[in-house]
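Next come two complexes, and both contain chain A; in the first it sits with chain B, in the second with chain C.
Right, the complex of A and B next:
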């Protein structure tokens, strides 16, 4: 019994030395639930959805968050999916807000819960190019609420146009700045193109 | 030494196994589990693009969007709202119920302003409250409500400036380069971070003091670089500076507004003086005062008074629609549609002069609008889906005094409205390239 206890203590200590602990485990709380197919999708409901992701952080390649207004794992090293922190990245947030399918040929409306960990098949450049059945390029001058501006490296959705000619953009911006609504001038920046989602119902 | 017996060896092995398993399980529980899924706070927000300058006879529809806690059924909020309107800028408000429409692209809730108010010679002022019926949460817009309502004035007899189709590629070269630094972290260099995949970030803002000193916010290296009388100095600053806006105050202090909405005041030596959260959730521009253009109110809000920070309630109460100009007047500005800009210079509540600028090429954001001589300097962006350039307009009492284009390309991202400053009647531009950051000067004609 003494040997058992002594070795148990040693084993316990060893377990902490080796790689038993992954980098973060926020993703362990996320789900793999199927999305809910919906017949409606309004721009203001999309505003509700994206607005609720504010302050929940940013995770490169991510798409899972809760609603506690805190980034559980801020300031991870950028461009590492393996950090498994909270939040979406820019294209993941757009994909979930726009209720898209993981199958690029489907253009239906699929409601993903916040804790459903899904990024979707598009990066910012794919959105910019209007890839996938639900997406299309729009003229920037006519882009409206919950359309988006995308470059080769980033995408943000129009929360609302602003008085001085810029836009309030809801976006998962970066590890240090997280997900929030920022005033941006993407509309007039030639690095960005306009992109929209087919199928708004109001 | 006694040889270990089989039972001891087995017990030891079992102990190690039990210890490792126990350690792994406990580690997993402590890290993986359960980060609770919070029900979350009740969310309420609103959107509105104010009707600041209207044309006589123009139908005015005030539109609002209501943003709430997402519903489990994926539908929009079940909301309602009231607009409080009055003719002119004093007297009691009268309540009008918002209508709920089928479309939310421009705001689901709307009110057509009654003709007797819309046609008022003194314009009108208004605020709104919106309510989420599911939670009972309410929001006022502007956030100061009746204490600081939105102002709308008729644009009477404006000088018309038709820009036509913008000619890309005919940009003006600067008259002088007043500051420059290569990328790096040495005293004479400015910091750069990022990657091709994420984009680059460098100096996010700058300012030019009345004596000609150029201050560049070196966000990456945590300092202000100062070009003064031919010498380069720097002042170290602490805190988040990435994509921050910046203003140099007349007393030698610095204001830094970070992207999380906290304004920090620093003494001339860089030591922190105070920090204050903004009243609204989003900001567009910081100017001396300090005063910040905030959203969703779309108003200029003072963040300090007599050197001390204002509370968030104090910011809301002190908010104003018009921007204060250096000449003591105020400016109302309204970017309308794809290619129109309306401007009215005010003395008190009375319009001194007004301009209506139209363009066949879409117009983007107004980067700068300041008094200059007896007129204004306006810098805005003209764009198509493929190209963009800044357009500089000098406006006077007879219309357009001077017009030229300025290249807009930048290697790094800056604060949104921090590319231009006007000082001593000269226009300054912050620009970055693959090799470094620069501040260039453009001399302007002076409207009489």
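Right, the complex of A and C next:
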């Protein structure tokens, strides 16, 4: 009985450690570095940046990931910023890919490293409404590569325009599906509007 | 935009120019210039005006076209006017989404007063999973203004938010989450805000107290 109790206590202690790691460890790797002001911003480079974030996971309110192609903390409870896992959420990924500033009145180009933990001031609805100096609403029919489709609750960027009615969308979708490129029909979905970033240089 | 929509800001600018409230104690007036009511059971408690109205065009210039069809024109809306903030809260037709029009100055200069932001949150059994933080707006003195939803606990009649030198009290109305605002504890670098929130019953007895750490998300 004494041995059983000792093992039970040890088991509870270990399970507690695991929980703490899952909720607090990844953001400890993240930085608060200043962004690098850039004079250029091409759609090719934006594709590369978002493509590199694939498989790195999803974190509600997040914006920090590495490049090991693994979500360090998948399947956290949804809509919990306190889980501090790896990855951006939909608007955080868009903000960093579009090289935006945390000041909504600045429309310059700011490069954020992957491990820089920043989400930006915009949620999906703000992007949809074209809030902020760098953002604007575009017609869905003319939305092109690395423009985006946004609803009140989600945003994804056009990675490749498809010939079959939909698009290949790069997006941070959810805890269980992570960040990846998916075939989506947002272009024909009335809940979604087109959004663009001013200032592409190529 | 009607002149009545501009009145709260015109009055607010006049008060600011007169140096009405510099953050040293409980303010005497609300954003629209009316005298601030005080709630004596809570020390330095200032009541933000709150009333339930028909939406009836009040969200014009705020609600996106994509959302207009989903919201009844006569939906009950909660209008709140605080010391530095103004908001409108309402739900869609099936009660699955709650909207907030947040008042203030849009630093990007794209939206005109009174509304600078539209926020929406999905409800799960009447409760939000996330406070839907908004840090885009600025108050009339140019300070960052953070808006967030608070879900009232059972029995709560007032939601108090610690401000600089006073507690701003928001009445729980129409069974909707309470849209509160503060200029205190806003971290624009991290797109976060920490609000000191206390909920009270009708007599001012404290029910729960804690920090609401909110982040822009989704």
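Keep in mind that, in the parts below, the second predicted complex is superposed on the first by the 180 of 202 C-alpha atoms of A that agree within 3 Å, B and C clash if a C-alpha of one lies under 4 Å from a C-alpha of the other, contacts with A are read in each partner's own complex, and residues count from 1 in each chain.
As a convention for this text, a contact is a pair of C-beta atoms (placed from the backbone, for glycine too) under 8 Å apart; a residue touches a chain by one contact, two chains touch by 3 or more.
Worth saying up front: this structure is predicted, and the values here are computed from it rather than measured.
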Partner chain(s) touched by A:78 [first = chain B, second = chain C, both, neither]: both
Partner chain(s) touched by A:29 [first = chain B, second = chain C, both, neither]: first
Which of chain B and chain C A:193 touches, first, second, both or neither: both
Most chain A residues touched (candidates chain B, chain C): B
Partner chain(s) touched by A:91 [first = chain B, second = chain C, both, neither]: second
First, second, both or neither for A:104, with chain B first and chain C second: second
Touching partner for A:128 - first (chain B), second (chain C), both, neither: second
First (chain B), second (chain C), both or neither touched by A:185: first
First, second, both or neither for A:116, with chain B first and chain C second: neither
On chain A, positions contacted by chain B and by chain C: 78-79, 151, 153-154, 190, 193
Residues of chain B that touch chain A when the two form their complex: 8-9, 11-24, 27-28, 31-41, 43, 45, 47-50, 52, 65-71, 74-77, 102-108, 195-199, 240, 242-243, 259-260, 281-285, 293, 295-296, 298, 333-335, 338-339, 341, 362-366, 380-388, 408, 416-417
For the chain A and chain C complex, residues of the former touching the latter: 32, 60-61, 78-82, 89-92, 102-105, 117-126, 128-133, 151-154, 190-191, 193
Complex contacts: residues of chain A adjacent to chain B: 1-16, 20-22, 24-26, 28-29, 36, 38, 40-45, 47-49, 51-52, 66-69, 72, 78-79, 99, 111, 114-115, 139-142, 144-145, 151, 153-154, 159-166, 168, 174, 176-177, 180-185, 187-190, 193-194, 200, 202
Residues of chain C that touch chain A when the two form their complex: 64, 66-67, 97, 106-111, 117-120, 122, 129-130, 132, 135-136, 188-191, 213-218
